[in-house]
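Shared between the two complexes below is subunit A, which pairs with subunit B and subunit C, respectively.
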Partner chain A sequence: MSPSNIIAAIDIGTSKTIVLIGEVQAGRRLNIIGMGELPTRGMRKGEITDLPTLKSVVHDAIHAAEESAGIQVPSAYLSLSGYHLSGQRSTGVATVSAANGRVSMNDINRAVQEAKGRQLQEGRVFIHHIKQPYFLDGEMRTNPLSMAGQRLEASFWAIDADESYVRELIHIPSGYGLRVSDLIVSSMASGAMVVDEPMKTHGVLVVDIGGGTTDYVLYRKGYVICTGVLPIGGEHITNDLCLGLRVNETNAEKIKREFGSAIVSPEDANHTIWMHGDKSIGDRKLYVQSINQIINARVDELFTILRRKLGQRLNRQDVAAGVVITGGTAQLRNIDHAAAQTLGIDALIGKNPDWATEDLTKPQYSTVLGLLQYALNGRDREPSSRKSGSIPIVDAFLKLFRI
Partner chain B sequence: MARKPKNNKPEGSRDWREVVAQEPSRISFAPDSKVARWRVIRKWIQAALLLVFFGLVGVIFVFAWKEIGIDAETPPYTGAAVRFETNQALTRDWFLNYTGIDSGKVLGIFEIKDKLSQLGQIKHASVQKLPTGELEVKITERMPILKMRALLPDGSEVNRVIAEDGIVYEGINYGDMVYRNIPWLTGSRPRRSEKGSYDEIKGIDVVAKLLKAARQSNPTLYLEWEEVSVREFVDGDPDSPGACLRIRLRENSQPPDAPHLREVVFSASEGECLREFYNFYAMPGFLDQILDILKKKNKAQYPLFDLYLSLENKTDPNRPKKEPRLIPVPPEEMR
Partner chain C sequence: MSDMTPHGEEKMFSGGELPEASTRVKIIGVGGAGANTVDRLRIDSFQAAQLAVINTDAKALASSPVSEKITIGRAITRGLSAGGESEIGRSAAEADRELISRAVAHTDLVFLVAGLGGGTGSGAAPVIADIATQKGAMVIAFVTMPFSMEGGRRTEQAQAALDELRLRCEAVIPLYNDLLMQFTDTDATVLDAFAQADAWINRGIGAICSMLFRTGLINIDFASLRGAFPVRGGKTLFTLGSGEGKDAVFRAVEELLNSPLLNTRETLRHAETLLVNIMSGPGLTLPKANEIVNKITEKFGGRENTVLGAIIDECYGDRIEICVIGSSGGVSRQRKQTPHAEPVAEIPDPETPASAQPPQTVKPSRSPAGKGMTIGAAVDKSISSSTTGKPIVGPKPSQVEIDFEEQELQRNFFDKTKRTMLEGQDIDVPTYLRRGIKITL
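Up next is the complex of A and B:
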């Protein structure tokens, strides 16, 4: 097993920390050889609240993955989420300078540099510059090189994050001796996993509902149109159930998983369940309608906020492939129906690809698998990148996001 | 440490790779991490294992040196300086007399060991010098299971005992009760070596195992066993066709409240299928059940009780049951 064939991914979520180690085999196949999964502590609603505790959990998860793989990994790809993330479209314009009126590489570089030159506030750092299509005299072009025109516009979806948060996050694997190969925004990783190229071309919204946050990415015509994070997740639903039903967090989580539904149906009216099921001391009879009303209110709120955030960008014509829901909360029953009702477009639950082993097919693994997929794609581009004298990591980034 | 922006990056760009330094270090674990704790524990375990290893090597070395040293010295041990332990009949006085130590004979440890190992009664002997200067002798004796009559070269007849591993020996210090409680072996004629001693009886271990099982499971009845015939115990293999062990019981000493038994036949060779169901060595455990059946049915007149087990319940031939059952066989149906 050559160390160069080993790639690792770390997804530090609000509820779970997952570490995967994969071995790249011949034919660009990825074989998962190590896994570490632990409940996250020291993080609440996507924010780090106790760094030492979080560090110890992540280190233990890395250690477990290394133990199961039987190797030590030198670097890993790390997911990034949280409400501190923000995205903006930045554009750069260049006038075609060649005498023949055709776009040269120099024109493209000038437009790109101007688009990327946006100043950030102090304390903010760029995470991704995701390429969007070029516009040549107002016409969309995938590659305008050598095409005739006067005004070239390059645009990027630029994602930036809080610098101190990024520092703290990178400090966690660094403390274990791991170098962070790249930071990937969770929604991008999930998106890479649960939707394919045709869906991206038709237009699709990927919603990754985690424990503390909901990450989303909107694709249209094969490009990332926008990304974002909402500070609402599965833990909020659990919390609502705690308050509404007057049960503790453990029982609320259990009720949500076992009996909860994101929509309220007429059949729920007279349906009751027992909290523990054994009618022991403390066991209570609960109305399913009450449970589902509480869940539905929060889920509806989540998708309503999402609809407002996306505004006119979310319509049946431009998002023909619908909404793909992933993340741990995607396992909530009928959440796809709730999404379809509120967003007004078709919705479905995301499925991880076939190469993921049986244990990893659940939607909560889409982010960490997406990180590995990103790493795998990045590796393929490295040799050619070196030949052209460019930076390998940038090329890897370009391939995944089609820049 | 922040690096300078690359040339192809626009001025003002704050990419995280350039702003946030990475200094990975495997040493700085979080203090309460399980990994950090495990590393510390692992170091201690390694140190402890190393210590145990060197300790064992030291102990082995000391003992080896002690034995070699004593053998080289060959000191004259007096009776007072001997500690003697055994699991059966041999005594300290016997040892002193046998080795000649009580009469002032000088012997090394290996010589003593050799002398002891010449006796068939002794299975294992450990002889060593203690730190106090005493000689410690620990003996494990063989367990006698059968006895036999042996003809000495001078024409006289004496008793010999047979151990569970087939060794024939003279039972030193065996009292009358020990001899009384061991059944006679018949149906076998052990061979004599040129020196006059008997060769080891091959295959007796199977019989020994059965007798041991009988002694443990039914000690009262076992004491009544007078004679074990291996005449039909072909090759010492209970699975050989027709192989059986015949036990003859004492005529006059059986309990009056129990059915009178004259002979018990052990066999596990009736058909292939029986082997799957029946454990030869578990047979003695059934003796109580057989006696109970006989007692309840008041059928004590059966002269022989055959332990042949049928897979089919013979009580109702029309509805045979596929299970091993203990059924008394009337004399007219006996083989």
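Up next is the complex of A and C:
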């Protein structure tokens, strides 16, 4: 088994850290041979609050995955989320220079260079330049090479991040002796798992609701239109329940999973449940309506904020394939109905592709599986030719911080 | 002098009547909401305290039953309200520092009561706190915070005022209207929430006053009270619980530990000092009181620096009331013994050099040798440790640092993260609270 056939992915989420190790067989077939999963500590809302603790959790998860695979991995793909991420459309324009009036490679390069040339503020770093369609004299073109026209516009969805955060994050696996091959923004990774090309073409919004953040990506006509992160996730629901019901975090989490629903239904009125259900000391009777009112308020607010962020871009025509919800909080009852209610667009719970078996079909694994897919695709390609447009910032960092 | 209300002299007269040795306490309502609350205080619990109301709105003041009324900023608002502008409230107080100085002079303990968010409460209260501090008083502020639904501007104004007050008061107890609403019935109105605020303030001030003035199993003198708040700039822990009957102690402790006002569990575990006051019928024994303190310190910490007071009163019967006030330590480690050595920035203070009187020495109201027993040792330790042991952070913390430390209540396990403001709201505070949805328990 040559190491080049081994790929690995690390998703450090606010609530869970998941490491997957895959083996590529016969060129393209992927077998998952190792997995490590641990509750994350030292992170809230996608922010690192306690680096040493976080480090030890991630190292333990990597170790567990390597143990179960019976193999050591040299490098891995790493997910990136957090409210520090920001995305912007950046465009570049070139005038077609050839005498025959047809677009040359040189014109394309000039437009692309200009689009990518935007200066970032100090302390920010580009993570991805995701390619959007070209426009030739205002007409959308996937590949304008050799087409006749005058004004060529290249555009990208450019995602940038807080440099010191990225630096700290990359340092975590490298502290274990693992090289970070590339960073992939979480929304892009889970988006790649739960929607297919036809959906992307029709227009689809993927919402990955994790523990501390909600990562979203909007596709239209096959392209990424925008991505974003909201600093709200399932932990907010748990926290709200803690405070609203006066229960501790463990019980709030349990109540959310066992009894919670994202919408309040008329039957909830006067319906009560026992918190533990075993008549043990400290067991409490709780109103289902109270539980669901707390959850609904939070979930409705989350989607309301999302709707405002997306504005005009979110409409039934342009998002014809609807909203796909994934991430751990996708398991919350009726979250799809709540999303449809607030966003005004049909919503469904995302499914991971068939090659993800058993437990990995659950929505909280979308991101890490997506990372593995990126690892698979990126394995035999030069970074510059990658469709996603990721730029190899990682190497630059690792040169500075090589262990 | 010319601006003084006719009632000013009356107050001076009654002030002179108080025995020399006793702790002099004054409860001052600031602004419309603050004055209203003071108007409605159940006076009988505070016989030993004087009351005063301060407002820019002369007409509102005129209807107050409190005798000492001080209209501030006549030159600015011509006796009208501050119009919701805290800058006007502040200027009004600045313009009448003299009047305020006179009102807080010769006072050991000032309770400031204000509704933050509006003009006079937000603007004048920090100035009054500043003046009272300079006059050597200990200042404890009870302030209500506006409903989230009142909008971002009022919330911001209230937050700014709260930040300022914390730098100028020994303790600031913010009462969030959003949270108080949770105590009321489903069909409750905003007025019910205000009534809740009044009740909490009443109980809070009542608990502190009875610690000082009533004979008990364990008394707390003023020095101990003051010692429990060695630093400024930090958050204050405040919770109440009451119980009745066979399980009175258990219920009271449960209630105070589960109070919705207390949603900073993580932070409060690190409370540096705790003040626990127990009021109960004759059934209270020292071991029982100890048990209560154990349970409370288990939750909030501060075991090393806990001051316990216990009042026995026949009329409590089998009822017990517990009040816990704690300070979780501040960013600004200014020692209260030198309140004007390092004037706190922001409020311009032209009087500082002139009024640089020596710090007032505080005499215990009761001799420790009396029938009360004072647990003062723990407090002394805390003071000495804060003067010698712990690092003293610079006197002028940057605003950023304050923001980081000054996260509000209700954030619970997001306490350690940066506050995330979206559309003018702290998104980590539960949505149901900000939307005013009443949760039935």
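Some observations on this one:
Keep this in mind: the second predicted complex is superposed on the first by the 378 of 403 C-alpha atoms of A that agree within 3 Å, B and C clash if a C-alpha of one lies under 4 Å from a C-alpha of the other, contacts with A are read in each partner's own complex, and residues count from 1 in each chain.
Simple rule for what comes next: a contact is a pair of C-beta atoms (placed from the backbone, for glycine too) under 8 Å apart; a residue touches a chain by one contact, two chains touch by 3 or more.
The structure displayed is predicted, hence computed values, not measured ones.
After superposition on subunit A, the partners subunit B and subunit C are accommodated together without colliding.
In the superposition on chain A, A:Thr361 makes contact with neither subunit B nor subunit C. Contact with subunit B, but none with subunit C, is seen for A:Lys55 once the two complexes are overlaid on the shared chain. Shared-chain residue A:Glu235: touches subunit C; no touch with subunit B. In the overlay built on the shared chain, the residue A:Arg179 is in contact with subunit B alone; subunit C does not reach it.
In the superposed model, A:Thr201 lies in contact with neither subunit B nor subunit C. Contact with subunit B, but none with subunit C, is seen for A:Arg124 once the two complexes are overlaid on the shared chain.
Of all C-alpha pairs linking subunit B and subunit C after the chain A fit, the shortest spans 22 Å. No residue of subunit A lies at the contact with subunit B in one complex and also at the contact with subunit C in the other.
Within the complex, the subunit B residues that touch subunit A are 6, 9-17, 19-20, 22-36, 38. Looking at the complex, you find that subunit A touches subunit C at residues 44-45, 47, 49, 83, 231-232, 235-236, 239-240, 242-246, 249, 286-287, 289-290, 293-294, 297-298, 300-301, 305, 308. By the touch criterion stated above, subunit C contacts subunit A in their complex at residues 258, 260, 263, 410-414, 416-418, 420, 422-423, 427-428, 430-433, 435, 437, 439-441. The part of subunit A that touches subunit B in the complex is made up of residues 52-53, 55-56, 59-60, 63, 113-114, 116-120, 124-127, 160-161, 163, 166-167, 170, 173-180, 183, 391, 393.
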